[in-house]
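Shown below is the structure under consideration.
Chain lettering (A, B, C and D) follows the sequence in which the chains are written, and residue indices restart at 1 in each chain.
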Amino acid sequence: MLSIKVDTVKCDGCSLCQLACSFAHMVLNTKTGGQQKFPELPDPLLWVKVCEGEIQIDICRHCENPPCADACVAGAFKVDMERGIVEIDQQKCVGCWSCVMECPFGAIRICSHSDKECTLQSRAFKCDGCSMWDKPLCASFCPTGAVQIARNNNGAAAIQRRQRATLLQKGLSLGAARYVTER
Amino acid sequence: MPQITGDILHVDLSNNTSWRQPVTKNDLLQLLGGRGIGVRILWDLVKPGVDPLGPENILIFGAGLLSGTAAPSSGRTTVTCLSPATGLYLKTNVGGHWGAELKYAGFGHLVIHDRAEKPVYLWIDDNKVEIRDASRMWGLDVRETDISVKKELGDEDVQIAAIGPAGEKLVRFAAVMFSVYHAAGRGGAGAVMGSKNLKAIAVRGSGGVIIAKPTQFHETVLHAREKLLSESGVEGLSRYGTAGSLNAVNEMRVLPSYNFQRSCVDDAHPLSGQCLVEAGYLKRRVACFGCVIGCHRYSTVEKGVFAGSYTGGPEYESLVALGSGCGVFETEPVIKANELCNIYGMDTISTGSVIQWAMECYEKGALSRQDLDGLGLRWGNGQAVVEMVKKIALREGFGNTLAEGVKRAAEHIGGDTHKWAVEAKGLEHSCVDTRSAKAYALAFAVNPRGADHLHTETLAEFGLSPEARALIKKITGDEKYASPYLTEKRAEIVRWHEDCYAVTDCLGFCAFTSTALYGVTPQIMAALFSSATGYDISEENAMNAGRRVVTLEKCFNVRLGASRKDDTLPWRIMNEPSSDRPDSKAVTSEKELNGMLDEYYSLHGWDKNTSWPTKTTLIRLELNNVAKELEDMNKIGEE
Amino acid sequence: MPRYLIIGNGTAGFSAIQAILEYDSDGEITVISLEHHLPYSRVLLTHYIGGHVSKDNLYMTGESFFKQKKVNLLLGAAAVNVDPEQKRVELDNGRVLSYEKLLVATGGKPVIPQHLQKESPDIMGLRTIEDASYIRQKSLSGAKIVIVGGGSLGVELTCALREGGNFPEMVVSSSHVLSRVADDEAAAVIQEQIQSYGIKIWTGEDVTEVVHTSKGVEGVVLSGGQEISCQVVVICKGVQPNREFLDRVLPTIRGIKVDSNMRTDIPDVYAAGDVVEAYELSRQEFCVSAIWPHAIAQGRVAGMNMTGQDVIYEGSLSRNALEIFGLPVISMGITRVPAKRDWDLDVNQDKSSYCKLVYRDAKLVGAVLVGKVEKAGKLQAAIRKAAGIETVLN
Amino acid sequence: MGSGVIKKIVNVIPEACTGCRQCELICSFEQGGSYSPRLSRIRLVKFEDKCLSVPVTCTYCERPICEEVCPVGAMTHDPVTGAAKVNEESCRGCKECANACPLGAIDMHPEKGTAMRCDLCGGDPACVKYCPAGALKYEPPHHSVKEKRRSRVVALNLD
């Protein structure tokens, strides 16, 4: 599953990730629709909020045992191990708001579009892991590394371990000899 | 099948296909796994007339049955194929962490078929198998390969088995290097891998090993561990590594020096494990997967000509082959040469041996300085040794001749030089003087892969430790046979050891645990097999299976046309006493050898004249189809 | 003999099955279901009535699931007695099943007040697919429907019917709809919203009598004396646990009492879902709270523990999410504040939204959100972690 | 917050580690009943070209960030013993803890998807007991610092 690291301390609130997200999904739309008509930017699937210095980035963490899926009364949520994401089948969604109520990251919204023609009207939507891109665009566009995404659930831990060990390694030569023969 | 067995993964490089094959219960119980299953696959797939370096040869990687468990020092892997050095059976056993990772990916064995058009490497990610382009890596040394593969896969924790330039250039004693510094060295498996255009095999396994009777198994493991760690030999082995015994070997006058012209030198200390520690070359003790001993080394050179070299090892065999064998008694050039062998991917024993031979030829005038591209390959010239290692790996100049192995090189140069080529079956003799260690001599002679100790390590015959003497008593009925100069009872000793060694390899234990130290007894191994697989077998069954494996290996060679005349020793061992001990004991004469061979064959139930196993023997070992096939070829022994 | 026996095929039961399969894949599971249906989502019934969901989409899984996982499913059977000594369960069809681990997940049934219990199909609760289909078909045929009770089910049903083109009337005993879910202010907003869609709501009233002739239901009489003519009366006054068959072995007044492992007082008998009385975090007391997320969580915990795991159910947090004609409403924990010192309130209201946070001893214990509800999930997390005021504010 | 009650932790001496992975195997067996480093609460970081292995495990911070960031309060520790607990029911596998832990000491369970954190085997860590190289020590935190001081001075070999 995707491992999504959000570090709001690093975030300077530029909201580029949010833009990149909309963009990512727009390109997908036009891929099918052809390039002639330039579609309006779709809603982003993550949200950056800046209020009196406090920054929030609301994005799905693609939990291994997602509470949203448990809460869904319509069985619209599916954990896709292959792509490593939690995804919504909007055809099944009935817009009951249960998932919104359960997600501790505030990462799910319900579509309330201005134009009532919108097919996803009052259906839940959330991060889809950019599975059509080689890597999630929000992370690739983030200039400060406030959003980092690894495509396996231990990615983060493994990377942390190695980074730290690499630092440690520098200090190791000191007194190493002592342990060589000691048991 | 019990989960611990793991499936056999077949990969055909020619058409990018791969398929799974489960191990049958019968094969598991008869051959135990690892090396046993390996030789079975080889027997089934490689028929006579196959060119070792041709696409029909196959390369089998077999993780020990217990690899991946906490069983002490059980993480070893066996590589099996047709040897480019001997043209006969080859199994070469290696440590490192690769085998366990393969188990975690759900496989016990990996079989490589045919050859790829262009350089490739294999990526096994649990059950996903992918053949990826390796053109950019071709020519890189093992260390660089390891780094670039890990970089490309974006995971530093994958396990990699790779070949270096030597393997690519089909050096006949090229090694497959596991986890960078662990070599499946002898017999040229690396060349076979090179001939298949296969640069590396990267594995990542996220699974685990599930035991049939966990609590029972774990208790036995902890017991075995205790027993092993209480052995008298462990302390020294983990403290000073394999080379810790070098001084003792010298004192026992079995330390091959100056290409086996001498078996003892005044001061071998610079090559000893003790020296590595005291002089501060040793930076770390290193262990293979799950090993509680940790005899592997990590050494660096900080000052002098060879400053900046760092490598796993050097091990005893490397220190002798590249050191005393070449008359080099300084540590640093040996560490350097050892590093080069490691990163170019070459067997240190054979590399050392061919260089020793070249040195002797040069000293005795059979080779001129020009022949050697201007290298002053005199005894003790460490610099020259290091240079020559490079030339061999890259097949530059005379290195190209030596890269063919000492036997072919001697044939090429002609004259008396074949007498100085210390090899049998085409494999360079490993580093113990078999002139004054008779069980070793017998073991070397009958070893299906040629003159070396890693088929049957009969260390016990020296009676160095109480455990060793006890074992000799157990085998022969009397401690007095714990003496390397006796020829009596050698057959018994060798046969017990080769059975035990086979079981050890099949389960993935390190030979040290059962035939150099004796903590992991056949009884314990049988118990572990039973609780791990859920199929109960007795100690006797286990040893029997070991003998079955040994016999099957023999049969494989027989089918290729081998017979008694191949079970021999190097000319020098049999005819030329070492200069420092001119007494009669200092050779293992043809007569002595023949005596021991007769005993050995009859003990096995093999035909004395041809050394071919008899039908009864094969039937007794339930190798009926093998018997059938050999019978059809008229290669079955007379009763 | 079957290892796991599960009575009840609802949300909790199904959730337990999945948990068991996850931890003991070769465990043998048998499920008894009173209804002749595969597990389906009761919460979707109103959406089905409203025409948003097709009948097939009500089901949580297909028959194949039970075949693949080798789960024996006994439809149309009810347990009549449990024998803890023999570890056996007697069914109404005379069969006797033995068990190693038993899960009681029989759910609940609609509460129908004594004086309204009449032999008529048109006086009903809403619990099963059959109920739903009946109401749907009636509403399509333009029948006048009176809904008794202003709880979340009542409101959802009203909305559903209205969206289906029917104009039901609501009879609510308290002063507002959703009195137990939301506070007065929120309730007022919601009530306005409903009325703005042309729904008549009788508050502070109760149905004293149903006018019932040979032709069937003709109307109801309210406590205030008014008479409303109608053809169908749907009573949405909550559910009561189905646990009569346990009365002999587990006498209790309300739901079945369970400990934090979802174990009942009888060894190897577990219970989960609407039938149990579980610890409520915000109120800090044991109570029956019959909502979906609890059924799922309790089912999973029970299932895991039945397979020998040791998992703690940390307790329910009563909560509700509704949509009333496009107006989202989420409430959780304690929404009505007793007039005490150590209680604290924090209310934000503008024309489009209403937000109220409730603190006890400076710890968040409840929230009501109307209109803007994005941060509901974060608030729930805060309540669960008993977060203090300052952390919630950021 | 804070596991102040913890008196002893697993101290790591990378210089002494031979990288045999017995700790991972023993831990995974104790915790998961099978041999699989992926289930181990202590993990090795290997630098194979330098034959170096560095064991990494939970160091029991005074203010455990994993417990702070967990949105559902599944990461807790025993108020009495201080031993870490992960509530498998409430843990949703959001990986916040794994991402937050600066040591990378928290992994996700490959099947269950829940967080895994060292619980010190209830006061007798098996990894320490079975480390053949003496690279793991169960001791008060400050001991390792003392060790460092000493080993450094020894390295200067002043004599």
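The rule we apply is simple: a contact is a pair of C-beta atoms (placed from the backbone, for glycine too) under 8 Å apart; a residue touches a chain by one contact, two chains touch by 3 or more.
These numbers were taken from a predicted model, which means no experiment stands behind them.
Participant: So if I look at the partners of chain C and the partners of chain D, which chains show up in both lists?
Facilitator: A
Participant: Would you identify the chain whose Cα-based centre sits farthest away from the centre of chain C?
Facilitator: The chain farthest from chain C, judged by C-alpha centres, is B.
Participant: Does A-C or A-D have the larger number of C-beta pairs in contact?
Facilitator: If we tally the contacting C-beta pairs, A-D comes out ahead.
Participant: Going by C-alpha centres, which chain is most central here?
Facilitator: D
Participant: Report, in whole Å, the distance between the mean C-alpha point of chain A and the mean C-alpha point of chain C.
Facilitator: Each chain's C-alpha centroid was found; their separation is 33 Å.
Participant: Rounded to the nearest whole Å, what is the centre-to-centre distance of chain A and chain D, using the mean of the C-alpha atoms as each centre?
Facilitator: Computed value for the inter-centroid distance: 28 Å.
Participant: So how far apart, in whole Å, are chain A and chain B when each is placed at the average of its C-alpha atoms?
Facilitator: So the centroids are 50 Å from each other.
Participant: Round to the nearest whole Å and give the separation of the Cα centres of chain B and chain D.
Facilitator: Roughly 37 Å, centre to centre.
Participant: Which residue numbers or ranges of chain B touch two or more of the other chains?
Facilitator: 156-157, 238, 283-285
Participant: Specify, in ascending order, the residues of chain A that touch 2 or more different other chains.
Facilitator: Where chain A meets two or more other chains at a single residue, that happens at 104-105, 158, 162, 176-177, 183.
Participant: Residues touching two or more other chains, restricted to chain D: which are they?
Facilitator: 15, 38, 50, 52, 71-72, 132-133 - these are the residues of chain D that touch more than one other chain.
Participant: Across the complex, what residues on chain C touch chain A?
Facilitator: Within the complex, chain C contacts chain A at residues 15, 41, 43-44, 47, 52-53, 57, 60, 292-293, 296-297, 300, 319, 321-323, 326, 328, 330, 332, 373-378, 380-381, 394.
Participant: Which bits of chain D are touching chain A when the two form their complex?
Facilitator: Of all residues in chain D, those touching chain A are 13-16, 38, 43, 45, 47, 50, 52, 54, 56, 71-72, 91-96, 98-99, 101-108, 112-114, 132-135, 148, 150-152, 154-155.
Participant: Where on chain B is chain D touching in the complex?
Facilitator: Counting only chain B, the residues touching chain D are 68-70, 97, 100, 104, 143, 146-147, 156-157, 179-181, 206-211, 214, 218, 225, 229, 238, 283-294, 296, 298, 310, 312.
Participant: Which stretch or stretches of chain C touch chain D in the complex?
Facilitator: Where chain C meets chain D, its residues are 297, 300-301, 304, 309, 311-314, 378, 381, 384-385.
Participant: Along chain A, where are the residues that touch chain D in the complex?
Facilitator: Against chain D, the touching part of chain A is residues 1, 3-6, 61, 63-67, 104-105, 148, 153-154, 156-166, 168-169, 172, 174-179, 182-183.
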